[in-house]
Each structure stands twice: as C-alpha cells, then as structure tokens.
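Down below are the structures I want you to see.
Paired with chain B in one complex and with chain C in the other, chain A is shared by the two complexes that follow.
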Partner chain A sequence: MSGSRTNDTGRQFHLPAWLPAYLQAAPLTIILGGFLLLPLLMIAIVSFWDYDFARMYPDFVTFNYSETLGSWITWKTYLNTLKFAAIVWAITLFIGFWVAYFLAFHVRSTAMQMVLFLVCTVPFLTSNIIRMISWIPVLGRNGLINTALVNTGITTEPVEWLLYSDFAVVLAMVHLYTLFMVVPIFNTLMRIDKTLVEAAHDAGATTWQVLTNVIVPLAKPGMAIGTIFVVTLVMADFSTVQVMSGGQSASVALMMKNQMSLLQYPAAAANAMVLLVLVLLLVAAILRVVDIRKEL
Partner chain B sequence: MTEKTKTSTGITRRSLLKTGAAAAGVAAGSGAITGFPTIWAQTPITLRQFGTGVSNINAIAEKCKADLGITLEMTATDSDAAAQRAVTQPDSYDIADIEYWILKKVFPTGVIQPMDTKKLKYYDKVVPLFKTGKLTPDSVIAQGTAPHTVGYVESIDAKEFASGETEWFTMMPTIYNADTLGIRPDLVGREITTWADIMDPAFKGKTSILNIPSIGIMDAAMIMEAMGNIKYADKGNMTKEEIDATIDFLIKAKQDGQFRAFWKSFDESVNLMASGEVVIQSMWSPAVAAVRSKGIACKYQPLKEGYRSWGGGLGLASHLSGAQLDAAYEYINWYTSGWVGGYLNRQGYYSACMDTAKDYMSADEWGYWIEGKPAQGDILSPEGKVMEKAGAVRDGGSFEERMGHVACWNSVMDEDRYMVRRWNEFIAS
Partner chain C sequence: MAKTAEIELASVSKIYGTTTAVHAISLKIPAGSYCCFLGPSGCGKTSTLRMIAGHESVSEGDVVLGNKVVNDLAPAKRGTAMMFQSYALFPHLDLVDNVAFSLKMKGVGKEERRREAIEMLKLMQLEPYVNRRPAQLSGGQQQRVALARALITKPQALLLDEPLSALDPFLKIQMRAELKKLQASLGMTFVHVTHSQEEAMALADLVVIMNDGRIEQAAPPREIFERPATPFVAGFMGSHNVISGRPVANAEGKATIEVPGGGQFSAFGRAPEGQEIGSIAVRTDRVLLEEATEPGFGFAGVISNVEDLGATVKLSIQGAGLEDFTAILGDTAYFAKPVKPGDAVHVSWAPAEAIVLGHI
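Take a look at the complex of A and B:
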C-alpha cells in the first residue's frame, strides 16, 4: 500500500500517521473479530444461560459449569479424549517423521520427492467420512481381514476387537491425520543444510548420532506444528469416534454434539469453553517447549 | 415434489389469502363442511406442515394438491428439533405433524389449538386406542405417554389435558406402530421370545440398542422388566431411583461387552443387521423391511411382554383462523378419508381410521398387512417395489394382535433432564 508517508506536503489530503496501519490491519481484524471472536464471545455468554427443552433464557447461572465439571463422566470423557490424542500423536509423529525423513534424505531428485509427496496426499482426494467408513467392510466381523484370517486358518473365530473398539478409532485417526504430521516435518527437513550432516559425519558421528544430535533437534519446529494440528484435530473430533467405536466410546466433542442434539445449548457452550481452555493450554505448552518461529 | 408457492413472503401470501380466499371460505363455511373436495385451486392456499419425517411423504403432498388444490409445504426434522420448533417458532407452521410425547411437552405452551370433533368428518372412525387407550374393550391400557391421555382438553382455550373423551381433540392421530426387537433368524440359532433375550450371554458382542435417550430408555425398561430386575410403577414416567437402576444395569451390560454398537440413525441399524455385526437389536419396522429387501433374513420378532409403541398425529397451529383454519380442517378430513391411510398401511405403519383405509387397499393387501393372513400374491410397497412374496405372513400377525399387545408408549418423563444426563453417562462409560 502506498500513502503511508505523511510528510508529503501539498497534497489534497493528508492521512494521519496512524491511519494506514489501521487500515492495513482492518481486513484481518474484521474477519477474525466477526468470525472468531464474536462467536466465541456468544458461546461464552450462552454458557451462563438457563434452558429447558425448547428455549434458552438469558440469565447468569453457573450450573452449566458445575454440572459439567462436577460430573465424573466429564472427567472420564476428557481423559478418554486425551488418551486418544496421546496415542494418535505418538503414532502419527513416528510414522510422519520417518515418511518425511525418507522423502527428504533418501529420495535423491527433487522431482521424485514432489511426486512421492503428492502420493501422500492422494487419500485426501476423498472425503473424511468416506475414508473412515471404508474401514468398516475391512475390519468387520465378516470383513476382509476376518474372512482372510478365518479362511487361512490363523484364527477359528473372527477377531472382534478390530471394529467398534478403541483400536478402530485410533487406526482411523492415524489414517486421517498422519499427513498433517508429514507435511510440516518434511518442510523443516528440506531446509536443513546438508553440509551440517556432512560436517557431523566428518567429525566422526555415526548415522544414529547425526539423527539424534542434528536432524531431530532441527526438525523440532516442524514436529511442533504437526503436533498442534494433530492434537487439536483429535481433541475436536466426534465423527470418527462415533463411527469407529459404534457409539460405544465417548469424546468431548461427541458429548457436546449429544447435548446440542437435545437442544441443551448452554450446557454444550460451557463444555466448549472448557475444551477451548484446555486446548489453548496444550498449545501454549507446546509453544513453550519448541520455538516454532524458527520455521517461519 | 411439492409445488412451490408463487410467493414466498408471509405478508403477500396472507394478503392474498384475506382477499382471495374469502369467497372460498364462505363457500366452505366454517363448521358446515359438507363434502369435499372443495377445490382451493383458484386461490393459492398453502399449508406449512413440519414434523418428524415418518409421514412427510411427497406422494401425500402431490395427492393433496390434486384432490384439494391445497399446496403442502413439508419440512422434516428430528424429534428434538421438532419439539423446539413447535414451541419457539409457532408462526412458522400451520400444521404440526408430531408424536404424542412431543405434544405432551408442547401443548401446554399454547402453540397448538384443539380441534372441534364436530368438524372432523371421520372422528367416529378413529380407532378406540386413541380415545380410551383400549383397542378392544378388554385390552389393558399401556404405560407411558398413551395418546388418549394427551388427546383431549376440556375447552378450546384449556392448557391442561382432560381425563376423558371431550369434544376438543388435541391432535388427529394419523400414524402409529408397534416396535419390538429385530433378529437375524439365521444367526440367533434359537427361539427368541422375550425382551430379556437381548441380554443372553450367548449373544455377547452381537447386540445393539438405539442411542436416542427417550426411546432407548423404554427399550431398556422393557428388557429390565422382562429379566425380572425391577417392576416399574410406570416405565413411561420413572422415578430417579428407577432411572438410576436402569442406567446402572445398562452400564454394567456395556462394560461386560454385551453390546456391539449403538445406533442413532435408521441406516446404521440396517447396516449393523445386514452385515451380521449384530444378530438381535432394537429396530424400526421399515429397517427390517430394508434388511429383507437385500435378501437377508430378518424378523421383527413379537415378544411375550408386548410392544413399545409410538404414535403421531396432526395438530393445528394456534394462529390458524378463518379460511386457513377451514383449509386445515379440510386437509385433515382428506388425510383421514382413506387414501393416505392405505398408503401408510402399505408401508407397514397403521392408519388411525382403519375403515376408510380399507377401501383403498386390495383384499390381499388388507389381509396381509392388517389381518395377518398369508399373502396371496406379491406384496408391493406404495412405490411399487416387491416387499414380500406370496405366502409371506406379517411378523406379529394382525393389527389386533400387534396393537393389542402394547406394553408402553414412547414417553416424556418428569425427570427427563436427569434421565438424559444419566443416559449420556451410559454412552460415555
């Protein structure tokens, strides 16, 4: 933008010094204010309202919070959600790092790197729901895996825990979210100066030492960004948990969805505020450990 | 598809109604409807109907347009949203197509006006189940929100339900059915006779119940009582202790791995059954038909404790008056005059005015669906798809056998909010 200089005299108008800066910031402020802060504020306000089966009553009551925080089911659900987040995070980080490592250090040509990277994104050409539901005929009691196991005589009975279990939930989430780990880690690994690796080798480091002392520390910002993606996605997930656990497992977002389908909006709003605070704390903790600005 | 009205804003439509419909309104004469169809086509009468979707059928809207000239605009929602909309947006609909337990929540707020039974042409033909709670004089009145308990009020502006039959009807019943457990006869390997069979350890990990609290709790109550765990004073209106006992039992069964999954939508229940993940579960009758139409054996098993039943009807919005109110009455009289009843009966539901519906069904259809006789030829759905081959007999038998053995109706409890909270605990446990 031009016109930010204010000491140009003799013009017809004269923008005050502060105006251009505000104008430049205005579009983002309007978008964030209108579509993020305002809705959040409304959720915060509604979380203090009273309700019955049909209406909400503007009020200031705290029982939405005391009912949410005072119930063992909330705590158990949060623990369960955190458990999913931790397991999925660990697995996606492991897989994501090695996929990115392979792409960045073992694939020689840039063209091939890009081709393989695009291959990683192919599953994203279909929708989340379809990728999730397509596991059901694979894992089901009469599904592909069980049919194969029984027909080859490895097991006599179909394996029950493949579907409608925590295993199924974690499997589907890893499938859905690993790419969110691969992309940022691949990005940081590509920026690592190859001479650093050579220097480490020259100084007598083994491949393992190069990995642990050079590559992993330099990849941390990418891992942190991937972690933020995966953790927030898992914490906010309800459809994967519902479909893959057959409605048998609970997650925080699913609890909110149940409340909303019963029109208990204030209770759901209170729950949303608690979840928001928790996720913000998690993100703050990640940012304290890793400086992601190195990435940017 | 329903025909779109030319105008979409309420103001224009209303002013059209006021001027244009006056003549037709006078012609029809309030309280003096002598016969129909009065063709409303010359004035664009539109009735906005919203409801839970079971009877929001386009074919009905088309037939209504052809017979009466009334354009029906239908909106389908789930039952919780329907209850909310009925109360919070009373001007957004003319006809409420809701279940009786929703009516129990909604009517006291004054958004539905009672109907004058004298203006209901087929009131006399309504099956007694909706008037006295008894299908036959010696039936036992079922527990829960039985339609007759919320069917009447004492006067046009009363908000309390009357204890017996009066001339003010809260809703005209239209559609109802008796629900039970669906089974895979090829996979259960034994006779299923009671609701308690769903808890048989032999079916561990192969059962499912539905995750809709207000209905699921009733299925659970049927199971609890069948197992002899508890005797409810009224399973449609449990005390906190009874709710606790029921939910604790469910939680234990869940943790023991009795359930394979919980379903929320119709298609989920079909898939669970068709894939063999589940061999016995709560089910709705069209879902059983859907499994069977895939060529997979599925039975809507009658059980000795009886059925869990549900029923819905059409209610008039409070704001209706004048020509529009007359049109609404005429629509309801048309609805109960037989064509729709035959349509619903052939879908496996029941119509409230059985006598009128009979004229619109073939003898074979009537025999199969209502009298429980073996089908003489192929039984077709209203859309023309073959549902059953010749020789088939309806699960549960005749109308009297099925609706005469209703143990409880879908309900709304006084401790509704507590029940929902505990139900969520069960799902999360």
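Take a look at the complex of A and C:
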C-alpha cells in the first residue's frame, strides 16, 4: 500500500497488518486441521460408505449406524466400557485425591514435594505396554501372589480371578491412569491459600470438616480435569482390555479394532463416530457440573 | 454481646529451630481495650498474635485469656477470633455461607445459621451483597465480611493481623475509623498488628512496640509519642531526635552525655546506671533556631537540607558530631526567618523537651 506513495525516499517493505497474526496462528491451525479435523472428516465420510469383504464403495448409506446401534452386542460392549470407565474413575479419583492431598498439605518442604511428585511420575518413563505386561508374572496362575498364597497355605488352589478378568483390567487401568488424576488435583490444591485452612480452623472446623468444606470444594476443577483425562483414556482403551482380560472382556475400541482387522472400515468408522459423540457428551456433562476455566 | 476477656502473656517465647522469634515477653492487655502491636517486619509481632490465636504453638511461657491458660487449646476453643491479613474468605462460598461457616461447623441448622449470618451482614451494611462471592466485592467490603465472619463466633477478643495493609490509603483511613467505632460499640478486646505508627496512634489504647522479638515499650500512645522509653522507640516513632554518646555526668537529676564529635548534651531524668552508652531524645517539632540559653540544650551547626512539607518545614542540620538532626518548624515560624542549605545556625530546645532514654 505504501508503495503507491511517490514521496517515499527509501523503498520500504511493509507487511500488511493482518499477515503476522495469521502467520502466528498458522502452525497450530495446520496441525489441528491436518491431524485432527481432516481425519475426523474422513472417518465421518467413510462411516456412510458401503463395503464388502474386499473393498469399500463410496456411497451414502446409513446401515453402518443402524447395524451398530441396533445390535445387542454393541450395547453390551458400550455398557461394559462405561462400567470400566466408572470403576476406574472412582478408584483413580479416590487414590489421586489422597496422594495429591498428602503431597500438597502434609509434605512441608517444597524440595521434598517436588521429589515425591517426580517419584510419582517415574513409572511413566516406561511404556504402557511394558507396565501392563509386567502384571502378568505377578497375577498369573503361577505368579508371585498365587505362589505366595498357596505356599503360606492361605489357599489350597491358585486364585483364578487375579489375571484375565475384569479385576485385572481395572487394576492395570488404575495403575496406568492414576497419575492423570494426581497431577491436575495436585496443581489445584497447591493453589489453595493455606490461610483458608487456618481461617477454617479458627472458625472451629475439625480437620475432616476443613477437608469436606474447604479443600474438596476448591479441588473440584482439578478433579474435573483429571476425570476428563481418565474417562477419555479408558473409553478409548483397547490394549489393556485385550491383554488383561485375555480376550474375555470387550471394549468399544477393541470392537473397532476387530472390525478393522476384518476390513470392515465403514462399520468401524460408524462405531468411532458414536463413541466420539458419547465421549463429547460425557465431557460436556462434566464441564456443566464444574467450572474449570480458572485452571486453564 | 459476648463478655470480653483480659489477655495476659507470661514470659512467652517462640522458638523456630535455632532462631528465637519472640524472647520471653510479658504483657497484660486489659479487657475491652484496643491494643496495637507495632514494629518493623520480622520483629515478632505477628508470631505473638498467632500464638494468642492458637495458630502457632507457644514454645515457652503461658498465654492467659480471662483466667484460663489457653496454650494447648484449639483456636476456636479459646474464645478468640482472628481476622487474617488477606482476609482468607472462602472463594467458593457466598457471603452468607462465609459468615455462617463457624455456625455450620458447630452443627447449627441451615435456616438458623443463615438468618444469623444475614443479621451480622446487615450490621456490617453488606445486606445488598449477601448472595455474592468474595471476588465480586471491593477490598473494603471484603474486610467487612471478614469482620462479620470473625464476630459471629462471639469471641472474647478479636485478633487482627495487619487488617488495613491491603487497602488503598483513602480506604485505609475510612476503615480505621470504622474499626475504632466497632471496637468502642462492642467493648471487646481488640489486638491489632500493624507496622504503621499512624495506625497505632489513631486506634490504640495500648501500643506495644516490638523489636527483635522483645517488647521495647508498652504504653498508651500519648506516652509512647511523648516519652519514648528507648532509642528504638524514639527512632521508630520518628517524633524525636536520638542523640547517643558516652555518659559524662549524672548529677542533680540531670544526665549529660558526650557525642564522639565533641558536643555535650543534657537532659533531666535518671540515666540508667553502669552503661557504656547513654541516649537522649529531643522532640523534632520543639526545636528552635536560637542560641541555647543553657549549655547542653543546643548546638551550632549547618543546614544540610530543607524540605517544605506544607504546614511544616523539615530542616536537616549537621553539627557538634550529629550527622542528621531534624528540626520541624511551623510554616509561619520558618518563613519569618527562612534559612537555606549551607547556612550556619544555632539550634536549641527548652530543657523540658529533652528526655533520657533507657536501654534494654
């Protein structure tokens, strides 16, 4: 624009005012667009295609959805996945809160706090699969626990339900996902003004009353963020369910994986869309209950 | 309202590891009085308050409330209520629930505690805001909520930890007046920690000046201002020039000291026996630019600085071994005979304006 001004002595190069802002926003737009929106769009499109045992046919049919939603198996699988999500959520919330509470309010020195916090994260330096598989020698029929139980005479037979059961699935998931609850709750608790606790004691509150009336209400945003992490992770999990249940339990993601291995991509895509809507509804419900804006 | 209690500290100490924050202080705060703990930061005033409140354990000595030793009682069992520096209002509760908090802890029913809390908020003129959260209030309003929350426990003594420090200067003066009025109408013992001399002068019946974990002086504000007991008090209150030197004479109720630079200064009063250093204080606003009529009550010096403060003019004078001697003159007196930096002047004061300071 300034190029049209003839009295400019030096030729200056001017960027239009709007360009830098767009350039700054571009990298994230490209990543989100290319790796999130585009694949989602493709899944949404494919979910309406037709298919047979060998290939897919571009089309607009809705039987992928009607078959998915009309099948008793699907409903059972969804319920099973939701059951895992609920149990794992409850246990990780309970453990996560107490760990974070201990770290934030009962460890006095900041240095010790950081050390213990890092100790919590150490298991996350190994891969999910390895941490999961390492449960097998512990829980198996001839594993550590069963051997100990039989050798001490507590039981005569090895306990069967330790491995390849819902118990094993929940145990492994709790192990894998508790940290996702600890971190956001710890973060919220660390921001609570310690004089609030004193003020509550001054007003005659017992330690338990301080916890229920002051600390838990103020920790809600952290709990909500942790809940979103854990619920979405459990809903999308297939490897833990497959390995730890020994194929006896099903999850939605596992069902999708099976459909894909049978080359039923449109069916898997329809399933994925249903799962996506369900998870988004769950997250929306959590956000309606708890205002997490202050934490972001 | 509730009956009010006398507070007594009997050689109370607070020791953190190897450092002693409070050194065996003893003090009696009469029931129904307004007491201000005054001192620079780190002097132990807040630790003392927190020991009275029960938020800090007493390392040695006894805290007595009414006739009861309360060392081992929980804060709420002592009959004290504390107002925190940042007010510590619960951000997730509205004003009614904030004020009703202690009643809820006691198990009072919802209807009753809300009714009582609203009554207390009415008393604090916060009725229009009862359903708001603390973050939606101004600093002054938050302070009134904190007061309401403390008073609803019907305490025998209210403990205030720098309650005015978070307010802007104008609001500070306004809230100061409200605090004084409230204390007078409740007749309750107030213990107020502050680092502002002005605040202590304006509010207190009893000012306790602390330094380095010890009480330098505990007296009514007028006495603190007119007759500071120690060089620290005189310096901290800022109303006196402190002259320190070697004692040279101590006769007929008149003490004389010699400043390293050569000048000799006297004051009527008994100097403490057997001390290496004697100190004399001279009121800054009673200094005259005249030749001394009696030796030891004036000196000759040079003006080093002049500050016009409006109603008064502050002169800094050097001479007779004194680095920075302050004289505050009324504007009429100053402009009748103005001086400027570099002028040689005679400085003097009436013998009654000089007092002997003790050392602790």
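The rule is short, and it goes like this: the second predicted complex is superposed on the first by the 272 of 296 C-alpha atoms of A that agree within 3 Å, B and C clash if a C-alpha of one lies under 4 Å from a C-alpha of the other, contacts with A are read in each partner's own complex, and residues count from 1 in each chain.
We take it that a contact is a pair of C-beta atoms (placed from the backbone, for glycine too) under 8 Å apart; a residue touches a chain by one contact, two chains touch by 3 or more.
Just so we're clear, the structure is a prediction, and the values are computed from it rather than from any experiment.
Engineer: Put chain B and chain C onto chain A via the superposition and say whether they clash or fit.
Structural biologist: Taken together on chain A, chain C would fit alongside chain B, as the superposition shows.
Engineer: Just to be sure I read the superposition right, which of the two partners does A:V214 touch: chain B = first, chain C = second, or both, or neither?
Structural biologist: second
Engineer: Which partner chains sit in contact with A:P58 here, chain B, chain C, both or neither? Use first/second/both/neither.
Structural biologist: After superposing on A, A:P58 lies clear of both chain B and chain C.
Engineer: Can you report the vertex angle at chain A, computed from the C-alpha centres of the three chains with chain B and chain C as the arms, to the nearest 10 degrees?
Structural biologist: For this superposition the angle at chain A equals 160 degrees.
Engineer: So which one touches more of the residues on chain A, chain B or chain C?
Structural biologist: Counting contacted residues of chain A, the larger count belongs to B.
Engineer: Just to be sure I read the superposition right, which of the two partners does A:A203 touch: chain B = first, chain C = second, or both, or neither?
Structural biologist: second
Engineer: Is A:T195 touching anything from chain B or chain C once the two structures are fitted on A? First, second, both or neither.
Structural biologist: second
Engineer: Figure out whether A:N142 sits in contact with chain B (first) or chain C (second), or with both, or with neither.
Structural biologist: Touch status of A:N142: first partner only.
Engineer: Touching A:E160 in the superposition: chain B (first), chain C (second), both, neither?
Structural biologist: So A:E160 only meets chain B here.
Engineer: Quick one: smallest Cα-Cα gap between chain B and chain C in the superposed arrangement, Å?
Structural biologist: When the complexes share the chain A frame, the smallest chain B-chain C C-alpha distance is 45 Å.
Engineer: In the superposed arrangement, what residues of chain A touch both chain B and chain C?
Structural biologist: The overlap between the chain B and chain C interfaces on chain A is empty, containing no residue.
Engineer: Using the touch rule from the top, collect the residues of chain B that touch chain A in their complex.
Structural biologist: Within the complex, chain B touches chain A at residues 78, 80-81, 83-84, 86-88, 105-106, 109, 205, 208, 211, 213, 254, 259-264, 271-272, 275-277, 416-417, 420-421, 424-425, 427-429.
Engineer: Give the list of chain A residues in touch with chain B in this complex.
Structural biologist: 53-55, 67, 71, 73, 76-77, 80, 136-137, 140-142, 160, 163-164, 242, 245-248, 250, 255, 258-259, 261-264
Engineer: Touching residues of chain A toward chain C in the complex: what are they?
Structural biologist: Contact set of chain A toward chain C: 193, 195-196, 198-206, 209, 213-214, 217-218.
Engineer: Taking the complex as given, what residues does chain C use to touch chain A?
Structural biologist: For this pair, the touching residues of chain C are 53, 55, 74-77, 81-82, 84-86, 88-92, 101-102, 104-106, 149-150, 153.
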